[in-house]
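Take a look at the structure below.
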Amino acid sequence: MTAEEGEGRAGVGRIEAFSDGVIAIIITIMVLELHAPISERMEQLWGLWPVFVAYVLSYAYVAIYWVNHHRLFAHATRVSNGLLWSNMLLLFTLSLIPFSTSYLGEHHFARGATILYLLTLLLPSVSYAWVQRIVRCSGRQSEAARAYHRQSLRKGLLSTGVYLLGIPLALVTPWLGIACAAGVAMMWILPTGPIDRLFDASA
Amino acid sequence: MTAEEGEGRAGVGRIEAFSDGVIAIIITIMVLELHAPISERMEQLWGLWPVFVAYVLSYAYVAIYWVNHHRLFAHATRVSNGLLWSNMLLLFTLSLIPFSTSYLGEHHFARGATILYLLTLLLPSVSYAWVQRIVRCSGRQSEAARAYHRQSLRKGLLSTGVYLLGIPLALVTPWLGIACAAGVAMMWILPTGPIDRLFDASA
Amino acid sequence: MTAEEGEGRAGVGRIEAFSDGVIAIIITIMVLELHAPISERMEQLWGLWPVFVAYVLSYAYVAIYWVNHHRLFAHATRVSNGLLWSNMLLLFTLSLIPFSTSYLGEHHFARGATILYLLTLLLPSVSYAWVQRIVRCSGRQSEAARAYHRQSLRKGLLSTGVYLLGIPLALVTPWLGIACAAGVAMMWILPTGPIDRLFDASA
Amino acid sequence: MTAEEGEGRAGVGRIEAFSDGVIAIIITIMVLELHAPISERMEQLWGLWPVFVAYVLSYAYVAIYWVNHHRLFAHATRVSNGLLWSNMLLLFTLSLIPFSTSYLGEHHFARGATILYLLTLLLPSVSYAWVQRIVRCSGRQSEAARAYHRQSLRKGLLSTGVYLLGIPLALVTPWLGIACAAGVAMMWILPTGPIDRLFDASA
């Protein structure tokens, strides 16, 4: 009775609510890293730009995960032990983003910090694939749902690949790594770009 | 399939829940800036007044946004990519308010801090207009809904205008800028003031 | 159209959800004041007792407000401007509790800190009465609901009175003030004590 | 009317929502202990390992409580005073975990810190048993529900016993205490291990 209890959509709703809470906190506590400078001089304020840019980038990532989570769970039909724990792992990996964001911002996009940041982006992309696999296999999915899963699986694989590529590129120069991360974000936010059409064509 | 999936009201409910979470955190973390003074002397406590006044003002703002968001989303009929991302942008701009509030309070309503504060109030007022436009155009709206949109669009434009006016006024003296911000807050909180009647008459 | 839009129970649900979020954050951030001491000596840990006791007391208060809020809103039938803003004021007054709790704990229940604490307990008790009045007058209430309102109004008045009494008593010795606050908490938590029966008899 | 008001599932939903909020915050604020080191040297980052391991362990615990809470409340049929307050006590005991986690991590799994940590794990395990008792006795439970309660009560008792055993073992060497805590976590996360089958057989 512990596993696979099949509470149906009501149980799914509570997983969504808990995930919403955790993601809302993750996305919001990152702004606490923007400490108001003591001195009133403008230079002090400008000096916060790396922390601010890191916040914008991470806000975009966590927002993308929420949007994808929202869409994915609309297709979840029942609660299983696997769904509960893969989702918990996803939330755990997302919870590391505020740490690496703060490290990235405070070290002004240095090489080591950029690689650490790309690694913390890699982790949720891998665990998200696990959650997705469980939802996909947990019940009869409509044709539209299957098409959605196919496309977002490909986009997910592409993202993971770009992060992996970003790590050696960050060794050359950190900004190439950041560009990889920013490129993935753009791919997910822009609704029907050329990449989506590419996937639709090949699907 | 990525964009415009049309999940109907259920999907809207989860956007509301996530926004509630983020806004609840934004409104509450601002109070963390009220650090309990180490010394027990009363002057130390009185010295917190600028931080406290800044908190009251920002609490009122974020509360107004929540109330308006609550009303606006009651009219949202379906989830679209545009709604998801415009709402994410709105939450992002709101998440900057704790930073500028803390800066305003710690610098005792100085000129630069007041202008920064007015700028961070401008950003959500612009992004809110975008969310509103998407809700308004996303489905058949009742006559009552259209009247609501018309009126709150006008109030929104007026607010944006008063913030913009507040920036040069803050250069003269910061308190004029703060008065502009406080005036906008009063306009939204007082339920059916003369301004509303003015809008009703001209509608 | 701005005020009194009458969305019915669905709108009430979102106010509940937002209030839940804010109260959940208020109750949880107070534990952040329990800083782990650097030194590993046991005395350091024992030295945290005033912060811990203040946390326990404030946790009980905020929990009582949540329980009462939960019960009160079960009787709310529609959303009005008054309900939205009186609830926002209640949440604002509750949000000051973490500050005065931390002040109380860090100053080891000193006289000034105790009076400040009793004052921050007074504020939500007054604003709660306002929310209650709005719910009570906002629609036809069942006989059971009216009896509930009557009883909790009396208990609320009694609480406010005890807090007011606690302030001069705290001038004599702070622990008398704390005893007043703790007494009110006990009255609310213990389910059907003699005080409740007293109210039932006099109702 | 104060106690046992019997609002049915709607009232239970709001307790779930509030508990979700509190647990989401507890699980997320622990990551704030992972302060980004100032220096960019790798050793500084490696030096964070005890804080990170303590975070992973506590994340697993709080996640287990959420999963169990989610399952238990699916069987709750009505809101009673006892359910409200036993749940509040559970959330209180869980709220102490971030403190003892931070103490454990900062003192590098020292003897005293490990015993304090095991004690804070004991508290929620006891208060969870109280919540469970109230749900179990609060209405007619299906045969499946009764089997679930029986099994999770036994697992709960076993957990409490292992924590109690861990305290003297931690006096020998802290890692034995941590092993006890980790063992309990594994027992709950792994879905149908030999322990579950053992319980099923003896049930």
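Chains: A, B, C and D, in written order; residue numbering restarts at 1 for each.
FYI, a residue touches a chain if its C-beta (ideal position, glycine included) is under 8 Å from a C-beta of that chain, and two chains touch if they have at least 3 such contacts.
It should be emphasised that the depicted structure is a prediction, and the values quoted were computed from it without experimental measurement.
Superposition on CA atoms relates subunit C and subunit D by a rotation of 90 degrees, given as a multiple of 5. Although subunit A and subunit B share one sequence, what matters here is the overlap of their interface residues, and that overlap falls short of half of the numbers used.
The centroid of the Cα atoms in subunit B and the matching centroid in subunit C are 27 Å apart. We define each chain's centre as the mean of its Cα atoms; on that basis subunit B and subunit D are separated by 38 Å.
Those residues of subunit A in touch with two or more other chains are numbered 17, 21, 24-25, 29. Residues 16-17, 20-21, 23-25, 27-29, 31-32, 34, 36-38, 40, 42, 45, 56, 59, 63, 66-67, 70-71, 74, 144, 147-148, 151-152, 189, 191-192, 196 of subunit D touch subunit A in their complex.
Touching subunit B in their complex are the following residues of subunit C: 1-3, 5, 7, 10-11, 14-15, 17-18, 21-22, 24-26, 29, 81-82, 84-85, 88, 91-92, 95-96, 98-99, 102-103, 106-107, 110, 112-113, 116.
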